[in-house]
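Following are the structures in question.
Common to both upcoming complexes is chain A, partnered first by chain B, then by chain C.
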Partner chain A sequence: MSDVGDRMTEELYININPLQTAGRTYADTRKAVFSWMDGYAVCDACKGSLRTTDKPPIRSFLSEVSEFLGMDDTMLTNGAREAKFAVIHSICERGDWILADGNAHYSTMVAAERNSIPVELTETTGHPTYEVTPKHFIEKIEEGTEKHGRPPALAVLTHVDGNYGNILDVKAISKACHLRGVPVLLNTAYSTGRMPVNGKSLGVDFMACSAHKSWATGGGNAGLLAIREEHLDKVLRYSRDYPIKPLEILGCSTRGSEVVALITAFPHIVERVKNWDIEVRHAQYALKRLLDSGGFDLLGAMPKRHDLIAVETPAYDEIAKMHKKKGYFLSKELKSRGIIGIKPGRTKKFKFSTFGLNDEQLEYLVETFIDIKNI
Partner chain B sequence: MSDVGDRMTEELYININPLQTAGRTYADTRKAVFSWMDGYAVCDACKGSLRTTDKPPIRSFLSEVSEFLGMDDTMLTNGAREAKFAVIHSICERGDWILADGNAHYSTMVAAERNSIPVELTETTGHPTYEVTPKHFIEKIEEGTEKHGRPPALAVLTHVDGNYGNILDVKAISKACHLRGVPVLLNTAYSTGRMPVNGKSLGVDFMACSAHKSWATGGGNAGLLAIREEHLDKVLRYSRDYPIKPLEILGCSTRGSEVVALITAFPHIVERVKNWDIEVRHAQYALKRLLDSGGFDLLGAMPKRHDLIAVETPAYDEIAKMHKKKGYFLSKELKSRGIIGIKPGRTKKFKFSTFGLNDEQLEYLVETFIDIKNI
Partner chain C sequence: MSELSVSKTYEAIYSLIDIQEIWRRTRPKHELSDEDKEELAGLIAKVRNAMDKIEGEAL
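Then we have the complex of A and B:
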């Protein structure tokens, strides 16, 4: 049998993996997880359903989070993908189809496929900006409606995509969808928890959130599904025979320490999204320095408005051709300089995140990226 | 915003809550969760899918656990209920129905209901033994087949039920089901992880396991779905466009510290099921002492073969009628004596678990139960 070993990623390195930078836990979350770690610990004072539990204060947390997100109600889910599956499962019927942007995450696709619901993807502006505009959505609604004989049952919008860190114009796209009778599910895996997002002002019907990705939640995977009132009866529907148990989360979803992790992370989240402008400035600074230095090209839209930065790196690719470690030289070189989180072997392009770095770390990161061009 | 507080259940009390006694974490699990706590930490060395991850050693763990359970392959799920949902979702079609024993857990019912699949429940022997026999299954298969015009698409067997701790005669029931062409899903939420269970010798097609309930797994909810080879193509099926991503777990299920918790708990599980006879002796001892003392009656089958014990307690109910705290006197009295885990307010009957108690704790528990009759 195998040892899992110790993970020292955060203790020994600057981690720039976009998947992980906003999922780092705060000290009080670590303390809470340690205290509430055992199986079903959060069910000590069970009142029949996780969402009505007052000790730990899950019920009040869900109210607070609904207000924070500008939505009417919120369900705890096992993650953003499980939230997306739940919405599709609740509102789509056989023969329906759904629309998603051309930068949709694979988990949107598998959530639809598991429901046997086909997905039509919008075009994007393609290389190098990969933007998706309201026009792309409108075109695909029309095209798909012709193909399937009905309008889409749902549009899933990737608020911030995980490849380029582009931010959709959700307000305009939602409006276009609603004008055509299409409800909107916003995948906020890379937005809520990092940046301010208000579902009401964006005009979305559902929001899927990834707590372990962007809400600093540890101790297990967790997500949130925030819902506008008019859809509650369909998505937050209860079992016929167990009327306290929401069907789409099989009664209780995050029935472990992840829910206390999320509750204890929440005050940090509420504070940190207020500093989103600093995060954006950091990203823009890093990008500008790289572009100015030469050998780097941005993938994604300008101006940069998110901490996830994708770059093409012809400068590194040239080195890889000659280097004895080939494409692996970059991740090895970075690691030897205390930076981790780049997919090993890639030198043509890569993505990284500046989320949570302080000025000194940011400067060191940029200097290191530039310096490695000269090895 | 609210404080989750510290949970001191295990530090300050003897916990006899059947939901929790086999979900207590071992020290090395706590260490591993602490190390792997951050969001998506287990994805550091992602190869595209959780089940193929070698660092932490998830791939090899899944092989070991399949062997341990006497099954051919195993999927990580977010829990036993999610495993049951996945099986029903994979193998049932519109118009199908499933069969379950009369002691089925509510999560079996909501897993079916979420799939819009009706459930027919077998009879039981009723009060006070609540046993379910192969004959009950055969009768309900015949009755249900007449009613629905087809045999059940699946039989879900509650190996050990959560109300009485009865153990089904799985071998005989599986045989009866298979003779009638009905595949068998064994809900092992209260069995695997506590007692030795071999799917092959029991003849089941699927096993749903609750890691946070019975496999000493903390740091989030987790489960296992073990599968016989002939059903792999249906249940462990992959996405068309993302052929490394199993559809029924949306690619990756337990993508947080719960999976390292499960891996580190596993060696303890392998060892502790060897001592199941001690656990059974403990349960039988506690029960005998209570029955001998008078004022207690067993709910469930004799002989007692599981740590979950349900008793009717006319002795306590008499006290509750006179006591100023009414039905709450019992949980308060137990708590004041260092015992926790009984649902507050109940004195007519309750259930408790002796799992993991040492001889001294067991004796103290029994003496306390008996002593409280005389307050």
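Then we have the complex of A and C:
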């Protein structure tokens, strides 16, 4: 056996890495992955295309997901970034440009770059709130239209950004974009699967979802691209020579155990988004305790409405100056107390997530953060 | 060999995954409640039973 080691992270530690907390799998999913992990196992009963497969029930799953997201059709992709690439590739033409928020993820930028489409980013409110408002979008549409001689071909909105956990006012921004003839792609990597999101209510044209980030999916990378009916002919178009194969996903995308993982996670997802208010309360409680204790400052908007919390931590930074382990003292100290997920070496600021913690674990986390200030 | 040993292998692994879930649920202190202990004992019994069936059939 190759010595890749046993991870055991999720069994031994409270993991607060925002990238991983909502991708943690359920037991059902790990069992399914175990059973379906052989190469192309999901293709046992292939009818020529992954999206029409009934055993395992991929076809019906995609239909249920469309309804769950309030969209008209859904494609499986290898991740949110591949979903964004597919939309940009389908919608944009040479000479077009894209509008994105100032907190956009790098994968939005590289998806555009791979399509040779320039991106204009909105301003943000800057330190410490880093919010992006509808006004920022309207200003950038006007500015970019003057610069490029045409309105943006697409607006890519980061529903919840991965640095501050800020939530965009998607409804107002979508309305402003549509009034100017600009279709909207919502990057939901940090929202769908964690919190209730309905594409029709928000008025978006496309939604890119990350299953391995927020839909408790393991066994590989998986994403979803949900589409409104009026755009299906452009994005869900099929190969000329292989008419059952969708072009934008090169025929079939997630053709491994990850799609079975996603299917088995889905009933848990449907249930857990109903408890989003608890997750928000947990995040607000943790933040309040830290702010009240002193030595912590929030980065991002107040009130906190998402489990991803970014903080500046002058209290830890002062300790790091004197500590023999310097900036590494914090991650080492946390690990010794059963908590991981903070990037080693960081003491000036960091982000963490309270997603999925029970009351006891949350209390332990908060007490530990506060206690470490006194070492 | 019949399917029995194969299905019991899956059954044992699935029970071990359920045990893994207990460690995940109670991390990092693993202070098990009475309910947790009862669940754990049931799962250990299921693994043992599956192992016995495999031993009885395959060896």
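General observations
Everything that follows uses one rule, which is that the second predicted complex is superposed on the first by the 373 of 375 C-alpha atoms of A that agree within 3 Å, B and C clash if a C-alpha of one lies under 4 Å from a C-alpha of the other, contacts with A are read in each partner's own complex, and residues count from 1 in each chain.
Just so it is clear, contacts are C-beta pairs under 8 Å (C-beta built on N, C-alpha and C of every residue); 3 or more make two chains touch, one makes a residue touch a chain.
Please read all numbers here as calculations on a predicted model, not as lab measurements.
Comparing chain B with chain C, the partner in contact with more residues of chain A is B. Residue contacts after overlaying the shared chain place A:N166 against neither chain B nor chain C.
In the superposition on chain A, A:T354 makes contact with neither chain B nor chain C. In the superposed model, A:R7 lies in contact with chain B only, and not with chain C.
Of the two partner chains, neither chain B nor chain C is touched by A:S49. In the superposition on chain A, contact of A:D241 is made with chain B only, not with chain C. Contacts of A:N78 after superposition: chain B is touched, whereas chain C is not reached.
In the superposition on chain A, A:R30 contacts both chain B and chain C.
In the three-chain superposition model, chain A touches both chain B and chain C at residues 10, 24, 30, 34-35. Put simply, chain A touches chain C in their complex at residues 10-14, 24, 26-27, 30-31, 34-35, 337-339, 358, 361, 364. Residues of chain C that touch chain A in their complex: 10, 13-14, 17-18, 20-21, 23-25, 27-29.
On the side of chain B, the complex with chain A involves touching residues 1-10, 17, 19-20, 22-25, 30, 32-41, 43-44, 55-57, 60-61, 64, 78-79, 81-82, 85, 89, 106-107, 109-111, 113-114, 211-214, 216-222, 239-242, 245, 247-248, 250-251, 253-258, 260, 263-264, 266-267, 270.
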